[in-house]
């Protein structure tokens, strides 16, 4: 039962595409076919809310195209989960994103989790997401390691050192029992952290990929899939067509 | 002390521009110069999250242009408060939006408020906003009158009847002491509702306009203005320029 | 990559073992080997907290034995998730249970969920579990259909009718976008409900089985498994042995 | 459109009346006529709840008298917001107070705020007020500078130093993006703090004055004023008169 | 071990003094000596917040006098718990009040409780008290029977009928397992309600009397008494004396 | 009015029975007859959730036997309050436990309390209990003194020193106004702590004993006793008998 999954790096650089795919290939199910794409234009990271806003249309277009091309699932590869609700509103395929997927795993691994971010700047929006997801009560703390998205893979040694240090503090001072890496670009560090700290460390790329596989299976085997009423109710295509939104934004809404 | 305020109808139709301006002129301060704009393309309402996503770049561009042109404030005229955080992230002028502004008023007018929306579809996102704003505890209820954004001004009699009916139920059954109209296109009805129901009714166009005036005055007189650290910290312009985001998206970020 | 999973019906009757296994075989992964067991003594359902208490030792013994026998995961088949924390405290294999697993799925399928229970009696404990899991904010409502655990499969037609009715009310009146069946004995009804109501319906047997497969894979592929500090920290075996608890309670703690 | 506003220092000393008025005159609107009064008897500060209780009748009498004299608004000048609900219950004019007004501003200036108080003693009551106002989620922290109400203006240099130090800690350690001065007697320090710390600092005298102007305008222009049902419903004057409460307490209730 | 307890009806009528004492004598411990007082002036009920404000000084004076006269405890006999914090701030004896005492009992009698009030008007303040006490989560609902404080004993039959009806609805529709009578003037009805409804009904006069006995015993036997730091920290008597507050308000603060 | 109360040390050692009884005799009411029992088998402390599970049946059997023998109340002597709900479900006598009883006292003694535990391991379960009891908002903090249940009475000097140190930190850093000793084996230290720290310290053995006396009196004098619907609804004895649960588990359920 083959599953086709599209990982979207929602940024204007393909810098992470190959190494991320290599990493994900190690943990994907053997029946999963994984593709990784990024955008032709746009910011190279999404540390600011305005950067997210700039890639909104590209994310939605890419997901609708994936649906047309027969993908079973798409992953929006940024821990802010940008445009996740919007994507589900207009698509019938499975769409996942790192923060929500990490929660779906973390809630069964321990009492409280700490999210380790790059910069303090990221915390307000992530805290708002936790509130929206209803999971604020399970948060032990946020910890920042004072590095940017583009630093993690460039300064691997320093990143690893700071991640382990932040994780240790979270465990000893904040009561964390589970650690979550709050950025997809923090991929590749979780194994070493698990060995050093002896607690589960949820990698923000593994979580949404595996959760996507899980949801695809639930949909195929039991027909359980995201609700199309309320939050994820679609706009009527007649309206979209009447307004010409598909051509205007080059998105195959139908 | 003249204040220049730009009201943005973040939709691809100028349908509401003139009547809304007429209505707002009745309540604006005499030293406020108000302009109203809408977009050249895009959906005619923002009932769906995906419609909001499509106008994100236009909202940000319009606000940065307003800043360049010397406006003191901009209002994002949709009760979902779309891209309000993003706008504050990149601009130094005052930016307001209906939901947040209505809260800033409602908290002193009574114990609990009910938000009257057009369709049930709108409730999940608005409830998430209340959670993010931290004001869920003050909510009495949401009430839906089963009309769309484009119906309110077209079917005034029916709209008025349903608004009053929904308000009465909110007061009698849900403990509402204050009513908030959860859509800018519900403008013009609040006076009649206040007379019929004898409780304060917050119009979603008046609230952000007057709150914008209020914040402009606070800024001018006391230098109190939105924080530029954390949630509203700006991206460095060097980065924006290096990536060519200003030309790419035609937004004067500097 | 074969997975061995033990489903435990934590009751003193094998009434559900065969039909439940047949149902689960339809949705299990092809590499999953599923066994279903129940206890030799004890109550025939766990509607009362005291009934749960009576089977605590049996649940823990069965799970430790499963671990010895090489199972990869065990499922505690009751929506109260009885002794789930205790089981994780003493075992290294994956342990899941219906309520927590259903949450892990529901959070990505819609804004709010309703849990449909058999009797009002069940609600307080389930509500406490939601509080402990931190997910109370996502609850739309509980609905009771006034039938007991032993009625569902005996009165299928009536059960189906009431489940659909309760689901419809939850959607129309409480804002539910997702339905969760709050008892494992409500198995077999979700498909018909999905067809009638057109929203996702999470079956309380499918959720913990599939979530167990998911967690087993995460553990194997990425070494991500439940934390052994804090809430799930094990008692020292030296202490258990010194006190003779293993022989006393016939549980292979080591 | 002249507005008459009465600032009430609810204490038995006129110590703050003149300097506070001078300070407020710098930020009031040009059409605002501001008067400042204090009481003839009573405690010189309200650091203790019992001191507040002692001035309750004086606050209510002063506000009802202000209403008779044609004031448009009254401000209760203490950050505990003492008898704010009671005042609204019996008066038709606008009544504001520092804590609530500061919230109405702070919610749009940043993600979280810290309230800087004089003594730890003040925190429990202020925290209870935040809970009642429904805004606890937006609080970053309370910080105490270990000075009393009567110290701030007497030891300006020390006060300023400690305020800046407390503000810096709130920003760096607690995630505050906005600072609120939790005592009206902390007036005059906000400008220097804003310059030093580069975040908005809400002065507890400016906030309720400007918010009063704002609400007076809303009332005049749009008829939007505080609700008179539920929390702010008035007692019937027939009852008051029958019991002789007006003469008994020398308050013009009618 | 004799205990002297003063019940204060904080109103300007002695209407309830004798019948309430007779009722309380049936449930007081045999070593408790109970006195009941009311005030010489003031409103005849406290349904409005402003009425509470008017009796604040009298409540505090009465409690300080009781302390001087050797009482072990005082009860503030109104379900709003007016000036309870203030009273504890200045006195060393035990002070209780109905709402808090009812909570101290209700939390062990069932999952959720409903508070039955006379008028809807009372709900906002009582809900705020629940928030302050931290017990909102345990509330099933408020129910109003549309009768005033002075009606309950005058229209006993009607009151009893409505209380039972409201209780039944609370149980059947709101999930209440415990009922609390939200007014001291609702005394005398609980027994009949318990018989009719078969759930515990907490009488708002019994609760604070028995809780006062309980706290007096804890203080005598174990020295456990209310904290004098933070919320209940006393103002320094030197300050009170310097300002002449004791003579000014005729309260023996020392 | 004699009260017979059974204190249950729910562990397989009588180590604490005599000293605890001696301590409790100092604070019990003179009409209380106190017996203390422990179990013949089982763990010597309940620091782990699995240890609790092992004594569940023994707790329930002991309480039902106590009921048969005419006890008026039983106390489950462990701060996790193990099987408190289950015990109330099947018994008509008063059942109390330390955590819940401590809350019933603490809520009137100060604004916030700190619970001082032996090990960090205990915190997650106790925090979950606070959530279930609805009192999380009143918690200042948990403090751990890094000692086990069996250390407290063996290393009295060290225990006392650490308890006082932890209490001091809680007061100075966390805003605690009341301290609660989070383990029954921490008995005997509260007096010295109260003298040193000058705040109320709730002993986890005194609280449930005195609360049990209080509830027994409420039941006798006013018929107010725990609800038998919803959370504490009993299973029907016909079912228990049909399944043979009484003989199977040697518990006199009838």
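Each chain carries a letter (A, B, C, D, E and F) given by its place in the written order, and its residues are counted from 1.
In the analysis below, contacts are C-beta pairs under 8 Å (C-beta built on N, C-alpha and C of every residue); 3 or more make two chains touch, one makes a residue touch a chain.
Just so you know, these numbers come straight off a predicted model, no measurement behind them.
K.L.:
Just to be sure I understand the contacts, which chains border both subunit C and subunit A?
P.N.:
Chains touching both subunit A and subunit C: B, F.
K.L.:
Among the listed pairs C-E, A-C or D-F, choose the one whose interface is a repeat of B-D, with over half of the contact pairs the same by residue number.
P.N.:
A-C
K.L.:
Quick one: how far do you have to rotate subunit C to sit on subunit E, C-alpha fit, nearest 5 degrees?
P.N.:
Fitting subunit C to subunit E on C-alpha positions yields an angle of 120 degrees.
K.L.:
Based on mean C-alpha positions, I'd like to know which chain lies farthest from subunit B.
P.N.:
F
K.L.:
Could you classify the subunit D-subunit E contact as same or different, where same means more than half of all interface residue numbers appear on both copies?
P.N.:
Mostly the same residues.
K.L.:
With centres defined by CA atoms only, which chain is the most remote from subunit A?
P.N.:
E
K.L.:
Pick the pair with more C-beta contacts: E-F or B-C?
P.N.:
Answer by contact count: E-F.
K.L.:
For subunit B and subunit F, let me know how many angstrom lie between their CA-based centres, rounded off.
P.N.:
One centre to the other, that is 53 Å.
K.L.:
In whole angstrom, what separates the CA-based centres of subunit A and subunit F?
P.N.:
Subunit A and subunit F have C-alpha centres separated by 45 Å.
K.L.:
If you average the CA atoms of subunit C and of subunit F, how many Å lie between those two points?
P.N.:
Distance between chain centres: 30 Å.
K.L.:
Mind pulling the residue numbers of subunit E that touch at least two other chains?
P.N.:
111-112, 120, 123-124, 131, 137, 175, 177, 230-231
K.L.:
Looking only at which chains touch which, which shape fits best: line, ring, star, complete or other?
P.N.:
Per interface graph, the chains form some other shape.
K.L.:
Where do chains touch, given as pairs?
P.N.:
Going through each pair of chains, those in contact are A-B, A-C, A-D, A-F, B-C, B-D, B-E, C-E, C-F, D-E, D-F, E-F.
K.L.:
Can you list the residues on subunit B that touch subunit A in the complex?
P.N.:
12, 41-44, 47-54, 56-57, 60, 83, 85-86, 89-90, 120-121, 123-125, 128, 131-132, 230-231, 233-235, 239, 243, 245, 248-249
K.L.:
Quick one: which bits of subunit B touch subunit E in the complex? Just the residue numbers, please.
P.N.:
111-112, 137, 175, 177
K.L.:
Would you tell me which residues of subunit C are touching subunit E in their complex?
P.N.:
So the residues of subunit C touching subunit E come out as 120, 123-124, 127-128, 131.
K.L.:
State the interface residues of subunit F toward subunit E in the complex, per the touch definition above.
P.N.:
Within the complex, subunit F touches subunit E at residues 26-27, 29-30, 96, 100-101, 103-105, 107-112, 133-138, 171, 175, 177-178, 190-191, 194, 198-203, 206, 210-211, 214-215, 217-218, 221-232.
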